[in-house]
Amino acid sequence: MMIIMKSNATPQQVETAIHAVKAAGLNVHLSQGVEATIIGAIGETHNIPTEIFEGLDGVETVQRITQPYKLASRQFHPENSVFPIDGFQVGGNDIVVVAGPCSVESRSQIIETAQAVREAGANALRGGVFKPRTSPYSFQGLGEEGLEYLAEARELTGMPIVVEIMSQTQLEVMLKYVDVLQVGARNMQNFNLLRAIGETRKSVLLKRGLSATIEELLMSAEYILAGGNKQVILCERGIRTFETATRNTTDINAIPVLKNLTHLPVLLDPSHSTGHADYVAAIARAAVAAGADGLIVEVHPDPARAVSDGKQSLKPEKFAEMVRQVKAIAEVMGRRIAPIKKPVTVGW
Amino acid sequence: MMIIMKSNATPQQVETAIHAVKAAGLNVHLSQGVEATIIGAIGETHNIPTEIFEGLDGVETVQRITQPYKLASRQFHPENSVFPIDGFQVGGNDIVVVAGPCSVESRSQIIETAQAVREAGANALRGGVFKPRTSPYSFQGLGEEGLEYLAEARELTGMPIVVEIMSQTQLEVMLKYVDVLQVGARNMQNFNLLRAIGETRKSVLLKRGLSATIEELLMSAEYILAGGNKQVILCERGIRTFETATRNTTDINAIPVLKNLTHLPVLLDPSHSTGHADYVAAIARAAVAAGADGLIVEVHPDPARAVSDGKQSLKPEKFAEMVRQVKAIAEVMGRRIAPIKKPVTVGW
Amino acid sequence: MMIIMKSNATPQQVETAIHAVKAAGLNVHLSQGVEATIIGAIGETHNIPTEIFEGLDGVETVQRITQPYKLASRQFHPENSVFPIDGFQVGGNDIVVVAGPCSVESRSQIIETAQAVREAGANALRGGVFKPRTSPYSFQGLGEEGLEYLAEARELTGMPIVVEIMSQTQLEVMLKYVDVLQVGARNMQNFNLLRAIGETRKSVLLKRGLSATIEELLMSAEYILAGGNKQVILCERGIRTFETATRNTTDINAIPVLKNLTHLPVLLDPSHSTGHADYVAAIARAAVAAGADGLIVEVHPDPARAVSDGKQSLKPEKFAEMVRQVKAIAEVMGRRIAPIKKPVTVGW
Amino acid sequence: MMIIMKSNATPQQVETAIHAVKAAGLNVHLSQGVEATIIGAIGETHNIPTEIFEGLDGVETVQRITQPYKLASRQFHPENSVFPIDGFQVGGNDIVVVAGPCSVESRSQIIETAQAVREAGANALRGGVFKPRTSPYSFQGLGEEGLEYLAEARELTGMPIVVEIMSQTQLEVMLKYVDVLQVGARNMQNFNLLRAIGETRKSVLLKRGLSATIEELLMSAEYILAGGNKQVILCERGIRTFETATRNTTDINAIPVLKNLTHLPVLLDPSHSTGHADYVAAIARAAVAAGADGLIVEVHPDPARAVSDGKQSLKPEKFAEMVRQVKAIAEVMGRRIAPIKKPVTVGW
């Protein structure tokens, strides 16, 4: 960490800052330039907030040299994190394709969708039962009833289920049913929720907040990892920018940047990152070409009748076409779509 | 609401869309241009999500004519909402000045600060006890112990206390102590929390999310209002943009825009919106000149030793100077800073 | 175009607005809802600015139904625009790869680079001679001397040259030397320059401004097309957002969106859109997977000694590796990299 | 400047970087931490681009300690720059109010407007004759004819005129007529134009680009100052963000930040920064309260008939009301609106 003093800082102020660095358990390396005095703070700094120095009199700015996270960092964990999700591996050579509707609307809807996406090549099923809706007047989800339908769909198709959790009060019921807890964009910095999930040993799909930096996403992962839960999957889902032609702006750069900075698996959600069914396949291909470890895609048997996100949901046949294209890109990248586990039930 | 059909939409698709509008309880007004067919959906639309039409085949886009909120709208409630906060009124002619440290750090720190800000002219006290921190390694707040210190500071100074709530699991203990529940930027779309607060009758200070639109802020207020809690105060605290010279970008436009769109009181937080103590007074003056109903400002007796936000915290004497300047601007605007309630305890 | 009146607009104001619509040569379709009166303006509207109605009393807002551009629109020109650049075609099935240094620094540097990129598979050469530099103290380019070196490199390698023009005062000298005029991001809305280029019949590579919307990019293309110059190539080069991990944010969504909205060829510049050599290949692959018609990439024989953009420039061997990867993705997409034209000079 | 080496940089790479620093005429201060080696580059660095070090192998990042501009910096010129604009001073204690239509439309329109704004208290007249328009189909301005009308209005009212220049080809005719050259947001980084203006001794109003950082604005000012033209006035006019409730987001923080960083006068344009006549007065008051040295405001005698920007133009009576409010705020700030110079012509 470098503490850059103002050009008119007094020797007394420099002294105080040096004292603060030492009090934080760091060594001091002083550098007196013509333009400014810089105090290098040397040692284990990832868990020391810059703000403890920023408020000191005479300090112009404080700059980190190293990352403010450690458990999520590839520097301290050079190998990819690979872990199993009920039958396949995430983070390794295989590409994961999670698919399903925005909301679970009914038993028949989710079972029909599950069978369709499985047939098309998906290896996990998504579906929301507690919905974060901008308007209090919108459909808020089926709750536990929806979880039961999802569990039934899992029985029938053999696909693990990925479901969004909105609050730590939902943790108990979610743990009972789901294979992967999804933390949505609006909750990426719900630190109480992150800490609660860190205490479990359930896999987590952590979505980037719509105005969160890549570093903040990794800091949120660090919250979960710090609790001892190592199974964190990151997900780029588009950021908010000035461009209005699409719902969000897919930050495709985030894929290689994250693969460089962290050992955690990285997925991309082209449904939310574009907001438009017509653009989903192109961005899904781009994600895998850029090095993503998987995709999470909204599919609905009848988007025109979806209670939410119909505009960005693929029909099953369009999804099947997307999977074929993604498969071809994956092969060029020396990867493959994770094979589908055999269903456990007979008669399907 | 207007449903704009694609230029190549079939008569069948137009028919289906018309059917969907009627099924939503709305009347249809059809307009066939050379370029496009437009279906006007006429009736009570504020609680109908556009997405139920957006997924229909042949639909290009759906545009709202009226606001998607009603309880928060000035159209349905032309008079300013004015309500009491333990001794003074918010939303009326008086300007409210909330001040205090980012975090409650100790009994002496909060009591010293409370006395200093009161003397300088503040009429309410802020202080965090549950802290949303980007890093799991940062100080996370004193919890209930901090609430007790705040309550003691209230006893001594007569100022009501404003404290951030991060989760509905904290609601019970917060209701026991605080006068105003603060919902922070990161929780502006924590809908479970908003709904829980809507069930109470406690005043709320709802801060705008750092990438939330003004409309989304009003939708979040609608969540609370829909539960029957009418005492919602809005707060602009800076948005995230490309500019890095300041911590956030103060959206000063939001002040007149919000005063136009809603009847709810609007405050501004110049500490977070600038991130730098040197700029707080200028933006505080600007806020009141633009029509804000109050300010919430970070003050610390010794910013250099603050455990959080030291860089943007004012020393008490700088805060007193800011209050003097704001008072002068308020007078030009035909307003005044809300008078301080007499303390209830003797001997101070 | 739809003119939405305020809910309290007077009949007189509606009348005036109707009159204005008719005066603009459009037909009126009136729709009186409970919430608002809407005046549909029907006819040829792409060349009518919304602002002529926005200032009218009683008007709430004006919304376009159709695009404000016509010549650039795929609606009026459904087939891809395909045109020749000295030996190969752009906009058709072939992928174009433009490569070269940020700045032409010397004769040997540009010739060495040209030979290296050609060998690696590039089919056109880029190189700046008039440099838009943020600082007046930075290297500003070699000017016409640089153009002569570029022309020599073209002679030797057979590759056409793409050079940025910064001002209409440079047009004459540029036309003498270059095959494709590049309009840089900072000049995307230099309308005098666009108009001057529209008068020529030289191919143009029009880069998106760093905070320009996709619609504004197409409006700038319209300026050139309106002058009769049909050979416009669009280029996404990253937009400015809050994310600082990369120099810009690659708007990969822009590729399928542009291919949908316009018939013009679309390239991507992964060097500027990431700002970092390590991420260029991943984003180049993503671009082609998303449907781009080509790439423009910065390559320098010795990035450590480049006078500009060294951080984002590929070494020739890294570029060659990138071309191999892009080629494989292109094949999956049913495309190929445009074959290299035979050089005209002997002895190389 | 600090060159931060990658944690795995080789001694050889550190050596090369040290060599590069010395070659740039700077002294080296080496700091070897546990986490990283940092090379302090000490000396006169404002005119050395960071990129000459960024491309070196083993370099992680390069950070400036001091500003990349010097002539614009308050550090090297602590006193405010104050200079005369035909009868009044800008940058001193007086507040300047520039007002007039977006476009000069006719002789009568500009003369009527000039007289109205002067009566209301404006001290300079604005009006565009070469218009940067997003669409090639929009009105592009009256050209020199417009300049003649403006000159006539100056004669009649005694107010100096401020006119936008779009290209260095217009410089000659502009110098003949105008008192202040305005460089618009889209041309803030038209470096050829800036350089050409730097060669003149005409006052300049330099508007911030809609996605330009404050530092980039100051770098553009540096271009003009470097040519010897010291009369540069800066203007905040709103930046592009995700918020769509207003045309742009007024970056009010830029006012105190600029007043801190530079000695140049700073104006604010509330017409463009809000895009809506209803919000102009509030933001004008805020600007002066935040410390701005003046305002530039769009006024039109009949906004409903304005050929451009009608929505954001004030009617003269609204403008007069705004001036009264701004005057009251100015007084609180210990300032006054610059007195109007007596007109030179009789009979008005």
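Order of writing sets the labels: A, B, C and D. Residues in every chain begin at 1.
By definition in this document, a residue touches a chain if its C-beta (ideal position, glycine included) is under 8 Å from a C-beta of that chain, and two chains touch if they have at least 3 such contacts.
Treat the numbers as computed from the prediction; the structure is a model and nothing was measured.
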Name whichever of B-D and B-C has more C-beta pairs touching across its two chains.
B-D
Reference subunit D; chain at largest CA-centroid distance:
A
Dist(centroid_CA(subunit B), centroid_CA(subunit D)) in Å evaluates to 32
How big is the gap, in whole Å, between where the Cα atoms of subunit A centre and where those of subunit B centre?
27
Averaging over Cα atoms per chain, report the distance between subunit B and subunit C in Å.
41
For subunit C, jot down the residues that touch at least 2 other chains.
211, 240-242, 244
Residue set of subunit C touching subunit D in the complex reads 16, 46-49, 51-52, 54-57, 68-69, 132-138, 166-169, 186-187, 189-193, 195, 210-211, 216, 219, 222-223, 226, 240, 300, 303-311, 313
Inside the complex, what are the residues of subunit A that reach subunit C?
211, 213-215, 239, 241-246, 249-257, 260, 273-274, 278-279, 282-283, 285-291, 325, 328-329, 331-332
What part of subunit A is in contact with subunit D in the complex they form?
2, 4, 7, 29, 31, 33-36, 38, 40, 42-45, 63, 65-66, 75, 211, 240-242, 244
